[in-house]
Each structure stands twice: as structure tokens, then as C-alpha cells.
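The block underneath contains the structure these notes are about, expressed in C-alpha cells.
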Amino acid sequence: MMEYTLDELMIATMAHQFSGEVMVSSVTAFGALAALVAKKTHAPELAVLATPESGMEVTPLPTLTLGQFLTDVQRGIPLTMEEIFDAIFCDLFRIWINPAQIDQFGNVNISAIGPWQQPKVALVGSRGIPEDTSHLSQIFYYVLHHNPRSVVSRVDFRSGAGNGPERDQLLGRSGAPTLLVTDLGVFTFSGPGGSMAIVSLHPGVAAEMVQERTAFPIAGLTDSFAITPEPTTEELEIIRTADPLEVRKLELLSGDKAAEKFVAIYERERQALHVAWPTRSRI
Amino acid sequence: MNKTLTAEAMMNQIPDGASITIGGSSLSRKPMALVRALARSGRKNLTLIVNVGGPEVDLLLGLGVITKVIYAFVGFEVMGLAPNFRRARQNSNVTFEEWTEYTVMAGLDAAIKRVPFLPTRAGLSTDVLTVNPSFRTITDPFGGETLVAVPAIHPDFALIHVNYADERGNGVILGDGHIDVLCAKAAKTTFMSCERILHGDELQRFGRDVQIMRIHTQGVAELPWGAHPTGCAPEYRADLRHMEEYMEATGDLERWHAYQDRMVWVDHEQYLDRMGGRESMVSRLHV
Amino acid sequence: MMEYTLDELMIATMAHQFSGEVMVSSVTAFGALAALVAKKTHAPELAVLATPESGMEVTPLPTLTLGQFLTDVQRGIPLTMEEIFDAIFCDLFRIWINPAQIDQFGNVNISAIGPWQQPKVALVGSRGIPEDTSHLSQIFYYVLHHNPRSVVSRVDFRSGAGNGPERDQLLGRSGAPTLLVTDLGVFTFSGPGGSMAIVSLHPGVAAEMVQERTAFPIAGLTDSFAITPEPTTEELEIIRTADPLEVRKLELLSGDKAAEKFVAIYERERQALHVAWPTRSRI
Amino acid sequence: MNKTLTAEAMMNQIPDGASITIGGSSLSRKPMALVRALARSGRKNLTLIVNVGGPEVDLLLGLGVITKVIYAFVGFEVMGLAPNFRRARQNSNVTFEEWTEYTVMAGLDAAIKRVPFLPTRAGLSTDVLTVNPSFRTITDPFGGETLVAVPAIHPDFALIHVNYADERGNGVILGDGHIDVLCAKAAKTTFMSCERILHGDELQRFGRDVQIMRIHTQGVAELPWGAHPTGCAPEYRADLRHMEEYMEATGDLERWHAYQDRMVWVDHEQYLDRMGGRESMVSRLHV
């Protein structure tokens, strides 16, 4: 067994969820690498995108600024926003969403901390999450820092619909939360009333630690849980080859370290692109 | 038929209080040179309509010329939150209306298709419907389902930046199209900047990459690096170093005024000089 | 004054109606040539199409089968059907429609002669005419054989909306009939109640002849009328150069003569295309 | 991932009573080889959904396997009326439902966007609304306007013919796209024939001409001249001489059976032989 880091464990875990012939967004480094691992191992039919709005049939190279340039250098098939949303409406799209808050019923928030009208922290706006949570049969979330501020009792704003009577009435199961992967474990929303339940905990994580870092009581906490499978050598090699600059690490860093790595990646990523994908000509 | 105009002449056509939709997406292909010209024009009380907004929304909010923003997202992607947007959302008189990506597209499309609304399931069971007073719910006349009625959005103006254009107003977009085509069609008047103006015959050789049809455009300006500091695929990437500088500048009033003096209250050529000139930009930003 | 034929008179008359920067359909030879004459004389801003669904910015060469090939050889800008209908909805599209029946209020029919449910003659179906007559501010019709079966009191089926209280209530003036050009003259729908009225009669045509060949009494028939202006030398030269095979004549012919000309054009049009538009390469 | 199938294998998946939408437009890029395979398959009680129909509708009506047709137009363009369609409209038990070009597109688009209807002004104040029982009128919840509610159309199958495809099911359309993309997205199962199968890498070099995305297709067949007797830009034009022959053949029952024996009850290679073989077709029809 090769040594691995948390980012690699999470990415491999996320990869296992992909299946079938669907468009897969690569909007974050974690999501891009998860799609790539899945495609190169158990899910070759995936149609991987360069960035959500850009090209299909590409091998994503996680970058800060070059996502849509992959479409060009790899001769990806250019897509329009309309294509993307049609794929969402047709349930032929999958994405790992990284919300600021997720609650016990799988509602998610990327709009505002505090009341929306007068936020304590204004975030970015719901973007396309409402579309996902009303149309996709599988919705995947990941959270990098599982703590009572990110895994909350009730989100301050529902950017995406979780489980509950309102969803049941208006949407049925379409777009319901399927899975949450955090730095502590893997969770479903199959507990009482569609609430969060543990699927597996990452190696070395105790159930008590999860409860401590979660803002609400987790159902069935005293049961015994599986341990999240460790990434295989093949999975690790795919991740490291595709992300030589370690863009994936950025999401877990903060402060000076993050800033330093950020600059290093930004300065080197053009070169990495051209090494990985020498230019071919179009017809 | 020659629709070329200077950015300044375009802005002279925009009155105070106009509603303006802007193409591109966060750090990608925003018509920043036109937006800076708009800032310099002194127009105020503007309404902005964006799908995925970025530095254009943030800059204009920071200048205090905006009274309303319709948006699905405003942010700087990998760079995080947009500082002036965040400040204005938390603490200002600006009216914010949160939509979603598809509903902004549907609102523009409804205007294009001359219907007062388009129906969707997007937004059901979310708080977007709670805080956004523009949406209604309707009952589908066939099966009785509840749907969101997205009202038509009728922008007065659209601003977009493309790779190539001809003098007639046809435009080539080589990278992500984002929602630029919808913006161009929905707005009463569309102003387009481009990296380079080509002869019509040359432009037509780009086939389906000619995405903007001239019947929808009223003005064209050749403004190389016109998307800077956002990127313009496949030519140049977003200038994240400049975005860092920008974000720092928003930190206090003095720095913010200094930034404006240096980067906004200058014409496009001066702007490029301040960025180190074209050669330096090529070496840092060309892909 | 050069000699001219009826088709040329009608095409020149139709050309005079075009103005502004709009997409112009070239679905029939008459329509294509009218667009071309207008663009080359008084309306250079027109965006002329190869066929309704094909390329923009082309010089139409009237053909039986090669409409969309013009997009390729002339490097026209390829359009989608969505682009076409968006242009219609935005009132940025003009077309000369050739209906089977038109009535005194400008309703038109291309669907069925006799009752729709059990037609005497089933025609083709309303196609995109309903879209035109609910969105365009100018609607142009032409009829090649003005007679009581084509210019009728009341159409058997409304494929396109004419004037009347139902239109006024549901559509206002949007899509109302603007002009009708026939082999006898030029007509508007500005008579009492939005009924047909004479604008001009073609040289040599008497008002009585028009009344004889019209299934309803024409308002103001005893007034004096203008004579339709004859085509100019420039207009005739444009028409003849662009239509060397005389596809335009086909619409007026019938029987063996039509069949013969049809075959002759079909066999020769590929050659004509390549002579007029030597192939250029794409980027 | 290899989706190549013979036309016959595709048709084996289609049950009696299926609803089938067909791409192309009148004499342009109709999937005629697939339609002939469908005819040979013996499937019956089919519903056809077309925008601008041509020989495919006419042939299948002439074989008596159709119970319902949704259409905006059926005809042979410059060649005039479609004889079997005309006969069936005037005198048969087939159900005909007349739509319009945009409403067929909107019906398919509603299915794609998973809404029960889309609103439009098209059709107001025409008799299409009188004779078509599928439409409803609705009142817009904003301004109270009357609009047509176009119901979603959910075809079981789509048949389309394209220039190039790869084995994965991506397709390149070089000429008019017609409504093929809508057909492919709206149908539960999409079968596509093509002039030539290319390797995926080669196909991807066509950029935005790759209009059919493989996530929407379930089967691909290489059938050169697969649109004949309709045209396939930019390669070959419609075979109007053959269309004349076809139209004459529909004139009486004996000729019609002889035509079927010669042109329908034969496999694709035999069909091309009956047309004089590929070389002769190139010399007559290539543009």
C-alpha cells in the first residue's frame, strides 16, 4: 500500500461514486480528479468536461486558470451553457458540489451566512445548484473541513434542496442529496426523515470526533461503521500524474502556505499544460 | 455598413438608470475594457444583469454607480469572494436579486422569444424563491404540477467581449460561449468589443464559431486585451496576480482611489501601459 | 428601358419592400432574387440566407437542390433553426410567403383545400407561418396566379393569421399582413376592417380584370391607381446574373414545359454553382 | 465503449406502437436507410413526430405502418406534394396532428427541460389551435396575456443521419442541423446513421460541428449514402430524378409494390446497387 494523503483519500472515495455515461463537471480540482480516476478505472463511459461550460471528452489537468484552454489543446468537443443545462435537465450530468454549509437533511448553502437580506458574510449566490437539486437523480457533496460551522443543523439559506416534506411534494426524489464526503467520513441522507447517516469513517477517525464536529446529533452513532477504503496504487498514480502541480492540495491549505503554493502553481501551470498536451492542429 | 465605434461613443448612448447585461463568466471573457469605459462615463443608477458575475460587477459596485444587481453568482472563482460585492451585499442600499444560472438564461430567452415567462422546476424547494420577488409559481395546465414562472428579462444594453468581429457586427467566440449569445439577442442595444477586427470574408471562415450574428449588434470596438484582467481563451488566461492587487486595493478607501486613478481613469492604451505593456502581458498571460 | 418578363417585374417589386438589417429568407427563387436585388441596390444591410435554416451572409443562387450547399461554398455563417426562430421572435426576419390561398383579410392557407379533417386536397401543413404571423412587424405574400381559387373570400384553413377581431385581441398588429404582390398588382390590407385594397396594378392590367379574378368585391375599385414601376436595367441585370438557369421561371410554368425546364436546371445547376463560386478553403 | 449496431439490430429494439421522431427536413438529410430498415422490420402502429417531413413520412404511410403523425409540414419542397401523405390525409384512418415548426421544437425542448409545457404566441389566431387538440391556452401570471401552452413531446425513439460519427456516439453535422439535436435529446433512445465512422480523436477536430453528444445516443451505424434519395450537405444533393420515379410509383398499387420490392425489401448494399452503384451516384449527385 502506497502512502497517501487526505486529499487523495477523498478524491478516490469520490471517484467510486461515478458510473454510467454522463457528463461530469470538473469545476474543482477534487471533482476533476475524481472524474478522471473513475474514467480510467471502473467508469470508462464518463464524458469528462474541461470546465463546466467548456469542452467534453477531455482529460482534466487541474489548473487555476486553464480549464477552458484544455478544450482547445485537447480538441475537446465545445459545449454551450444550453448543452450543460439540457444534460442536467435530462439527468445526464454529475458534479461534486462543495457547499459552504450542509445540514442534517442535506440542504446546502453557498449564498449567505446569516440572514440573506443582511448577511453576516455574503457568499457567492446559488449559481446552478437549484437546477441540480431539482433534476439530477444523484447529487454529490463534499466538505473539506467538517466542523459545526460547515455541517450545520439548519442551513442559513437553501441554495440547494435537501430532504423534507417540501421536496417530497414539489420534486419527489429528483435531485435529492445522495452522498456527502468530508475529511472525516462518508455519509448518506437515509436516516430518519432523510437525515444524515454514517456510511464509513476514514481510517483513524472515531465516531465521537464526527459527532463533536457536527452541529446536530447524528442518527445511529453507536452502530459500528465501515472504514473508508484506502486509495489503490493505481488511483494514486492517476491522481499524481494528472495533477503534477498539486492544485488539489490548495483546497486544504490556508494562510501563507496557501498563498505561496498558489503563486507557484500559477507561474508554472502554462508550462505543465504544454508538457502534458503538445498542441495539435485543428482540421 | 460599418458599426465600429469607440468605447466612449458606445457609453455616450447609455443613459443613467439603464439596465445592462454583461457576458462572460467570473474570470472568463468579461468585457472589462468596456466596463472601465462605462465607469469613466459617469453613468449612474445602473442595473446589472449577470449570470456568473466577477470583476465587472465588483468594480462597478465599488464605484457606487449600481442600484440593482440581478445575478446567479458573483465571485472570483479560485480567488474567492468578490470584496466590493460582499461589502455591498452586507451593508448598502443596492438592491440584490438572486436568481440561478438557468433562470437568468430563461429570463433572457423569454425576452428573445417574446413570451412573458418560461416555466422550470429549477428553484423549487429552495430559498431562492423565498427571497426573489420576481418569480411566481404557476400550475401546469396539463398535469397540475407546480412550476416556477421565470419572468422575461429585458435589458436595455448588452456588453460582451469576443475574440474576433467584423465591422458589420458578427462575432467569433472561440472558447466558452457563456451566455453571451443570449445577452446579445435579449438586449435592445448590444455593444461588442473584440481582440481583433477581421474582414467579413475572413471572419466567415470560422463557421459555427461565429456565434454573434450582426442583426443583434449595434456597435463594435477593437480593444485587444479587452477582457483583462479576466481571461480570453484560447489566447490569454486570467491575470490572477492583478486580481490579487485589485483585491488588496479594495481594502481601504485610499488604496481604492489610487487603484481607480491608475487603472480606471485612464484610456485603454494607458491601461495596457500600466500593466507593463503588451509585450510583458504576452509573456505573462499568453497560453 | 430593357424588356422584362412578369417574373422579373414581380421580383423587382418584391425587392422594393426590403429594408433594414434583418435576416432574409431565400426559400423560393422569387424570394431569394428579391432579397439579392434589394441588398445590391437600396438595402445593403440585409443578412441574406442560403436557405431558411442554413447560412447567413450569402449571395443566393436560386437552385432546386443546392440551397444549403451555398453555405459551404460561400463560407456562409452556419445557423441553427433556433437562430432562425429567435430572429423571427425578435422581429429581425423577413420572408416572402407564397400561400395556396389568401383571403380578403389576409388570412393565408397552405394546409388543406376543403375541411381540414377531410380535405379535398391535403396540402403541406402550416410549417412556420403561424410563427411569422404572430411576431413579425412586416409580412409579405406573393401569389403567382391571381384567380378566385387563390385570392378567396375566406381561406379554408388559417395557417397564418390575417386581420380581424381575434388578431386584434390576441396579437395586436404584430404579424399582420403587410403586402400582397400577385401577377396582377400590388395590394395592402388597409381597406375597411383590414381588408384588401389596391396599391398599384401592373402595366397593362385593368381594375376590372383584377375584380374578375378575385373571389370577393375589392374595396375602392373605382378609384384611380398607380401603375407598378417597371424593373430598372440594374435590377434586371442582377436578377439575370444571379439566376442564369432561370429557376425563377419554373414557378410560373406548368405541364411538359415545366418538366423539361426542371430537368434541364437539375442537370446543370452543379456546374453553375461551381462556375459562380469556385471553392475556397476553410480555416 | 462501442455503440455500433447494424440498422437491423437497431430496429429489433423498436416495438410495435412506438413513437419515433425523425431528423432532417423534407429533402435534406433524412435517415432514409434507417427508415427503410424500419419498413423491413415489420413494425406497425407507429407514431411519427417530424418537424418538416418528406419521403420518410411518405414511404412509411405508403406501407401502412403508421397510425399517427405529428408534423408541421410534410412535402417534397420543389417537387410538390407528398403523394402518400396527401392520400392518407384525404382518405385514411391515420390520425394527423398539425403542429407548427417552432411548436414541434418547443414540444421536444419541453421534454428535454423536463417541463410539461412551454409557452408561445405562435399559433394564436390561426386554425392550428382549432384542429390540434394537444394545445391549451394559458394566461400568463404576470401580465394576463393569452398564450399557447405547447405540451412536451416524449418520443420513444429518434432516428437521425449525420455526416460523421465516432463509435461512442458523438456526431458531426456539417450542413443544416435542422432539429436533429432536439430529436436526439428528447427521445429515450436515439439511433444515428452516418456517412462515415471516424476515430474519436479525428472526430473531435470538427469543433462545434460536433453537434450530437454521445450521452444522448444509443446506437451508431455507418451507412454511406444513408440519406438517399434526400441530400446530405456538403457531400451530395437530393436525387430529384429518383424522387420523380418514387412519385410515379405511388400512382397505382402494382407499381407501388414493384417499387417496394426493388428499393425497400433489399439491404443497403443492394439498394445502392439498384441506384446504379456508388460510382454512378457520385457522378450524378456529388456537389
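Observations, loosely collected:
Chains here go by letter, A, B, C and D, matching the order in which they are written, and residues are numbered from 1 within each.
The rule is simple: a contact is a pair of C-beta atoms (placed from the backbone, for glycine too) under 8 Å apart; a residue touches a chain by one contact, two chains touch by 3 or more.
A quick note: this is a predicted structure, and the numbers were derived from the prediction, not measured.
Shared contact partners of subunit A and subunit D comprise B. Counted as hops between touching chains, the shortest connection from subunit B to subunit C is 1.
The centroid of the Cα atoms in subunit C and the matching centroid in subunit D are 27 Å apart. With centres set at the average Cα position, the gap from subunit B to subunit D is 39 Å. Centre-to-centre spacing of subunit A and subunit C amounts to 56 Å, using the average Cα coordinate of each chain. Counting partner chains per residue, subunit A shows two or more touched chains at residues 78, 85, 135. Residue positions 113-114, 121, 207-208 of subunit D each touch two or more of the other chains.
Judged by the touch criterion defined above, the protein chains form a pattern that is neither an open path, a ring nor a star, and not fully connected either.
Screening every pair of chains for touch gives A-B, A-D, B-C, B-D, C-D. Residues 21-23, 44-45, 47, 56-57, 74-79, 83, 85-87, 89-90, 92, 135, 280, 282-283 of subunit C are the ones that touch subunit B when the two sit in their complex.
For subunit B in complex with subunit C, the residues that touch the partner chain are 1, 112-114, 170, 185, 200-201, 204-208, 210, 213-216. Against subunit B, in their complex, subunit D makes its touches with residues 113-121, 136, 138, 140-143, 145, 147, 149, 151, 207-209. Interface residues of subunit B facing subunit A in the complex, by the touch rule stated above, are 25, 27-28, 51-52, 71-75, 78, 81-82, 85-86, 89-90, 98, 100-103, 105, 121-128, 131, 146, 174-179, 181, 231, 233-234, 237-238, 240-241, 287. Across the complex, subunit A meets subunit B through its residues 51, 53-54, 64-66, 68-69, 71-73, 78, 80-82, 85, 88, 111-112, 116-131, 133-135, 157-161, 164, 166-167, 170-171, 174, 250, 262-263, 266, 270, 273.
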